[in-house]
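The next part holds the structures, each set out as C-alpha cells.
Common to both upcoming complexes is subunit A, partnered first by subunit B, then by subunit C.
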Partner chain A sequence: MLFLQLLLQGIQTGALYALTAAGFALIFGATRIFHFAHGTSFTLAGYVFLFCWNGGLPGWFGTLAGIAVAMLFGLAMERLVYRPIQRHEGSFFTVFVAAFGVAVVVQNLVGMVAGRGFASVDTRLSLATEVLPDVFLAPIFWIAIAVAVVLFAALSAFLTRTHAGVALRALAQNPDLLRAYGLSSNRLSMLAFAVGSAMAAPAAILTAMTTGLNEAIGHHVMLISMAATIVGGVGSLRGAALAGLMLGVAESVALQFVDTQWAEAVSFLVLFAFIIFRPSGFFGVAQTR
Partner chain B sequence: MIAYAANLATIVAIFGILAATLNFVVGFAGIFSVAHAVFFGLGAYAGAQVALHIVPDALLACVVAAVVAGGLSLCLALPALRVRGEYFVAASLGLQMMATTLFSEAKAFTGGIGGLVAIPRPTLFGVEVSVLPLALVALALILFATALLQRGAFGRTLQALRDAESAAEALGKNVAAAKTLAMLFACAGAGIAGALFALHLSFVNVESFTMDQSVLVMAMVIIGGTGTLWGPIIGAIILLSLPAGLAFVPFIPATEVGAVQQIIYGLAMTLLMIFRPAGLVGDLSKGRATA
Partner chain C sequence: MSGPQIARRALMGTALAAPFIRPVAAQGSDPYVIGTLFPMSGPNGEYGTLFTNGAALAIEHAAQDRMLRRPMRIQAEDTQALPQQGVIGMTKLVNVDKAHYVLVGFTAVSKAVAPVGDRAKTIMVNGGAVGPDLAGLSPYFWNVIPLAHLETQAFLPFLMRRNLKRIALVYVDDPLGDAILGLLRTELPKTGGELAGTFSVPRTAQQFGPVAARVRQVRADAVYVASFGAQQAQIIKGLRDNGIRQPIVGYSALSIASVTALPEAEGVIFTSQKFDYTGGSEITRRFATDFKAKYGSEPGAYNANYYNAVRLFALLAKELEAQNTEVNGDSLRATLLRVREFDLVGGKGRFDDQGNMSAEIQVNEIRGGRVVPIT
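Take a look at the complex of A and B:
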C-alpha cells in the first residue's frame, strides 16, 4: 500500500506544481519573458498568508492578501524591471540576471524578517486519517485537487471565452499582428503577469499548510515551474500543467526506491533527459532558436 | 594582519580563476552556465583526495582536479550542444541541484555534509609552499590563456557562434567542437581553482559548492562585465571585500552579514542589468550583442 500512498501524495504535490507551473508558462508563453522571479511570487504569497494566519486573521483574508501580494509583485517586476530592460535591449541573459537578482534580494529579506528555516501553518485540514487500510489522506488532499481543477477550468474559460483571454493567446502567437490590430501589448503583458503570478498564490498557501515554507523555497518552485514548462513544451499551458503533475508524482513515487533527499534530483533527471532527447517537450512545436 | 591580507588575497585569486573561466563560456561562447560551482567542487574533492591519499603535491592535485572537472564537463557540454538560452540555464540549474545532492550523499568521495578534513599542507617538488603564489600563478596563466584565445581563431569562432550560431556554422565552423572545447577549458580551470581552494583551507564540504556559490561567481562576472578580460577579477575583488567591509559597519548584526551581502549583490545585479548591462568594465559604446 506504500505505493498507493506515495502516488496520492504525489498527486497532491503535483497539483500544486501544476498550478505554479501553469502561471509561469502563461507568462513565458504570452510575453516571452523568462520570469525567473516567479518563485518569489510564491514565497511572498506563502509568507503573507502565514503572517495573516499567525496574526489571527481569518483564512479568507490571508488568502486574498496572498493573492494580492503575488499579483502586485508580478506587476512590479513587469513595470520596474522587465520593461526598462526590454526598452534598450532585452537579451535573454540580461532579463534572467535581473530577475535572479530580485529573487536573491527577496529571499534574504524574507529570511531576515520571518526567520530562516521551515515555517508552517497549523490547521486541522492537514491532519491525516486512514481512508483505506494503510493509506492516509488529509482533507487538504481534496482541497488541493479541487483548487487545481477549479482554477484550471477558470483559466481555460478565461483564455477561450473572454476577449482579454483570446488577446493573450494572440500575443503569444504573433505580437506584431496583435499591435497591427490596435491592441496594446503592454497592457496585455501586464495582464499575463497579474494572472500568472496570482496562480502561484493558492499553491503557496496550500504548501504552507502541508509541507511548510522556507525562505529559499522560491528556488525550488522556480526550478519545478521551469522544468514543467520545458518538459510540457513551451507555449502549452496544458503541457506545463500535466508535466507539473507528472513531476510531483515522479518525485513522490521515486521515494519507494530512493531516499527523500533524492526527490528533487528525480525531477531534474527528467528535465535533463527531455532537454537532451526532446527539447521541444510533450506538446511543443520544434523551436527555432 | 598580514596573514589576514594573505588569506583574502588567496581567496580573491581563487575566485578570480573561477570568475575568469566562467566568463570564458558566458562572455565569449554565450553559454550561460549556472553550474560553475559543481566543477569547482569536483576539483576541490579530487584535489583533496589526492592530497589525502597519495601525496600532497600541489601540481599533481591541480592536474587531477583539472582532468576530473574537465572530463565531467561533458555533462554540461551535452545539453549545451542541444539547446541555448533559457533551456540551457534550466539544464545547468538542474545539474547544479543534482550535484549538490550528490556531493552531500557520496560520502566515500566527498565525506558527506561533514566534508573532508585535515587535508595536508601542499608541497611543490617536496617543498612545503603556501597557496597564495600558486593561486596567483594559476590566475595569471588562466588570464594569459584567455587573452590568447580571445585574440586567436578559437576565440573568434566562439564569439561568432555566440552572436549568430547558424551563420558561424554556415561558414564551416565546427560549432559542436568549439562549444565542447570552451566548456572543457572553463571547467578544467574551475577544477584547478577547486584544488587550490581545498589545499588552502585544508577542509572542504558541500556548503562551498552549492547554487549560492554558483550565483556568487556569476555575480562577479556580471558585475565586473562579461566578455572583458579584467571585469571578472574586479568583480571578484569587489564581492569578496564586501563581507570584510560589512563586518566594520556597526549596525548590522553579525548573523545578518551574509544576508546583507547577498541583498547587496542581488540588488547590484538587477540595477546593473537595468542601467548598465555591459557591467562595470564593459564597453559602454557598444551594446552587448548576446541573444
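Take a look at the complex of A and C:
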C-alpha cells in the first residue's frame, strides 16, 4: 500500500510540476529566451491568490487575479527586460543575469510585503482522508489532475487549431521564415510569455493550498522546470509536461526504496541520466555536429 | 623637481586626505559596531527580522539609559542561514567593519563563523541556534540560549508522563538536525522511550506528503520535528494534511509566527526558555511593554535572547569604560568571566566558564494561534 500511496502523491506533485514546466518550455521553445524569472510568475500568482483568499474574496476571483498578475509579470519581463537586451547584444548570459536579478528583487519585495516566512491557504481541500487501508487522498488530488488535464487539452487545441497557436509553433521552428510571411515575431513572443506565465498560476494556487509558499519558492520551481525541459526535450511542450509528471512521481516513489533525504536527489539523478544517455530528452530532436 | 611643485602636490594630497583624517576625540565617539549574521532573506528570513528587532530595542534602551559613552550601531550581513554566506559576512565584519561584537544564529552558520571570530578575537553571541556542540566552540563564542540538550533533558520526561514513548523524528539534514538525532538516540532509551523511526529531509525539501506516508508506517506515539524556518511549517502542514494524527512535538524554533499561526499547528507541543513578561523583573517588564509598543506584537524568546545579547555587551562595555579599558574580545571575555551574573530579560543570567548562559525551560502548546506555557 505504501507504493500506491507514494504513486498517488507523486502524480499530484507531478501534475503541478508539469503545468509549471510546460509554461517554461512554451516560452523557451518559442522565443529561445531562458526565462529564469518564470519561478517569480509562480510566486506572484500564489501570493496574489493568498491575499485574495485571506481577504475573503471568492476563490474564482483570486484565481483570475493570480493568472492576470502572472501574465502581466511575464509580459513586463518580455517588454522591459528581454527585448531591450536583445536589441543590443542579447547573449544568453546577459539574459540569464537580468532575469536572475529581477527574480531576486521580486523575491525581496514579496518578503517585505507578505512577510518573510511560510504562508499557506487554509482550506479543507488539502486534508486527506483514508480511502483505502493506509492510503490517504485529499480532494485536491482530483482537482490537480483535472486542472492539469483540462489545461493541457486547451493548450494543445490552442497550439494546433488556432492561427496564433500555429504561428507560435512556427516561431519556435523558423522565426525568419515567419517574418517573411509578414507575421510579427514581437507580438508572438508576447503571446508566448502571456500564455506560458499563465500556466504557472494554477500550479502556484494549488501549491499554496498543499505545500504552502515562501518568497524563495520560485528558485525551486525553476529548478524543476529546467530539469523537466531538458528531460522532456528542449522545445517540446508535451515532453516538458511528461517529464514534470515523471519527476514528481520519481521523487515520491523513490521513498519506497531509499531514505527520505534522497527524494529530491532522485529528480536530478533522472536529469543526469537523460543528459548522459539521451541528451535530446523524450521528444527533442537529436542533432549531430 | 622644483620646490613650488612639491608644495602644490603636498597641499593637494593633504586636501584629498582631509576627509579621512579624524581627530582622536572623534574616534573616541565612534559607535560600537554590533555585527549581525542573520538570515534576512530566503526561507529563513523570518528569523532575521525577529532577531534584529530584539537587538535594535536593546540599543534603544541602552541609549535612553545612557549606559555607554559611545553609541552602538548595528552592521547587518545577510547569511540566508547558509554557512558560506556566514563566513563571508563574518570576514567582512571583523576586517572591514571592525565589529566589536557579533550576533549570530543558526547552528551551521555559527559553527562556520566561529573560527573566523576566534582568530580575530571577536566575541560572537548566539541567541537562536541550539546545536549542543555550540558549547565550547571558542572562548569568544557565547550562548544566551539554552542549547538543545537542555531542552531535551526537560522535554523527554514530559513526553513519558504523557505516555508518548515511541517517537518518530523528522529532521533537517544539517548540523542542527544531526545533533537532535544524536540526542534522541542516546537520551530517549534512558527515559524509557524509543526512536520509532528517523526521517532526514534536505534543507531545500518542499514536499512532505511522501514523508508523511513513511512516518505513518512506523506507528509512533508522537512525531518530533527538528527543522527551522519555513520548512518546519511545511513539515507540520504536510504531516497533518496526510493523515498524521499523533501529537507533533519539537523544540524552541517552533515559536515563530508562521508556525503558531498555522491552523495545522494547533496542539503542537515544544520547549523554550522560560520568560515571565508580566510578573518578572523590571527589565523584563520594560522589554515586554516597549517591544509591544514598538512592533505591535508580543515578544518571543528569540526577541528576548538577542535583546539580552546586546544588553550583555552594554553591561560589559560599561564596566570597561568605567575602568578606562579598551573594549575588545579579550577584555569583554575577562569581564564576563569575572562578573558571571547579569540582570537580563527573564531574570539573572548566569554564565559558565565557556560563556553559556543557563536558563529555565518550559513546555508550551500552540492553542488558537498562541503559545501557551503548560509547565
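Criterion: the second predicted complex is superposed on the first by the 281 of 289 C-alpha atoms of A that agree within 3 Å, B and C clash if a C-alpha of one lies under 4 Å from a C-alpha of the other, contacts with A are read in each partner's own complex, and residues count from 1 in each chain.
Definition applied: contacts are C-beta pairs under 8 Å (C-beta built on N, C-alpha and C of every residue); 3 or more make two chains touch, one makes a residue touch a chain.
Everything quoted here is computed from the prediction, not taken from an experiment.
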item	value
Side-by-side fit of subunit B and subunit C on subunit A, or clash	clash
Touching partner for A:268 - first (subunit B), second (subunit C), both, neither	first
Touched partner set for A:251, first subunit B, second subunit C, both or neither	second
Contacts of A:108 with subunit B and subunit C, given as first, second, both or neither	both
Which of subunit B and subunit C A:84 touches, first, second, both or neither	first
Touched partner set for A:136, first subunit B, second subunit C, both or neither	second
Touched partner set for A:214, first subunit B, second subunit C, both or neither	second
Partner chain in contact with A:120 - subunit B first, subunit C second, else both or neither	second
Contacts of A:128 with subunit B and subunit C, given as first, second, both or neither	second
First (subunit B), second (subunit C), both or neither touched by A:9	second
Clash with subunit C, by subunit B stretch, listed 41-49, 77-85 or 203-211	203-211
Shared contact residues on subunit A - subunit B and subunit C	107-108, 111, 261, 264-265
Of subunit B, residues touching subunit A in the complex	26, 32, 78-79, 82-87, 89-91, 93-95, 97-98, 101-102, 104-105, 211, 215, 218, 222, 256, 259-260, 262-263, 265-271, 273-274, 277, 287-288, 290-291
Sites on subunit C touched by subunit A in the complex	40-43, 45-46, 48-49, 173, 199-202, 204-211, 213-214, 216-217, 229-231, 233-234, 237-238, 240-243, 256-259, 262-263
Complex contact set, residues of subunit A against subunit B	34, 81, 84-85, 88-89, 91-105, 107-109, 111-112, 219, 223, 226-227, 230, 261-262, 264-265, 267-269, 271-272, 275-276, 279, 289
Residue ranges of subunit A touching subunit C (in the complex, touch as defined)	2, 5-6, 9-10, 12-13, 107-108, 111, 115-120, 122, 126-130, 134, 136, 138, 210-212, 214-217, 220, 251-252, 255, 259-261, 263-265
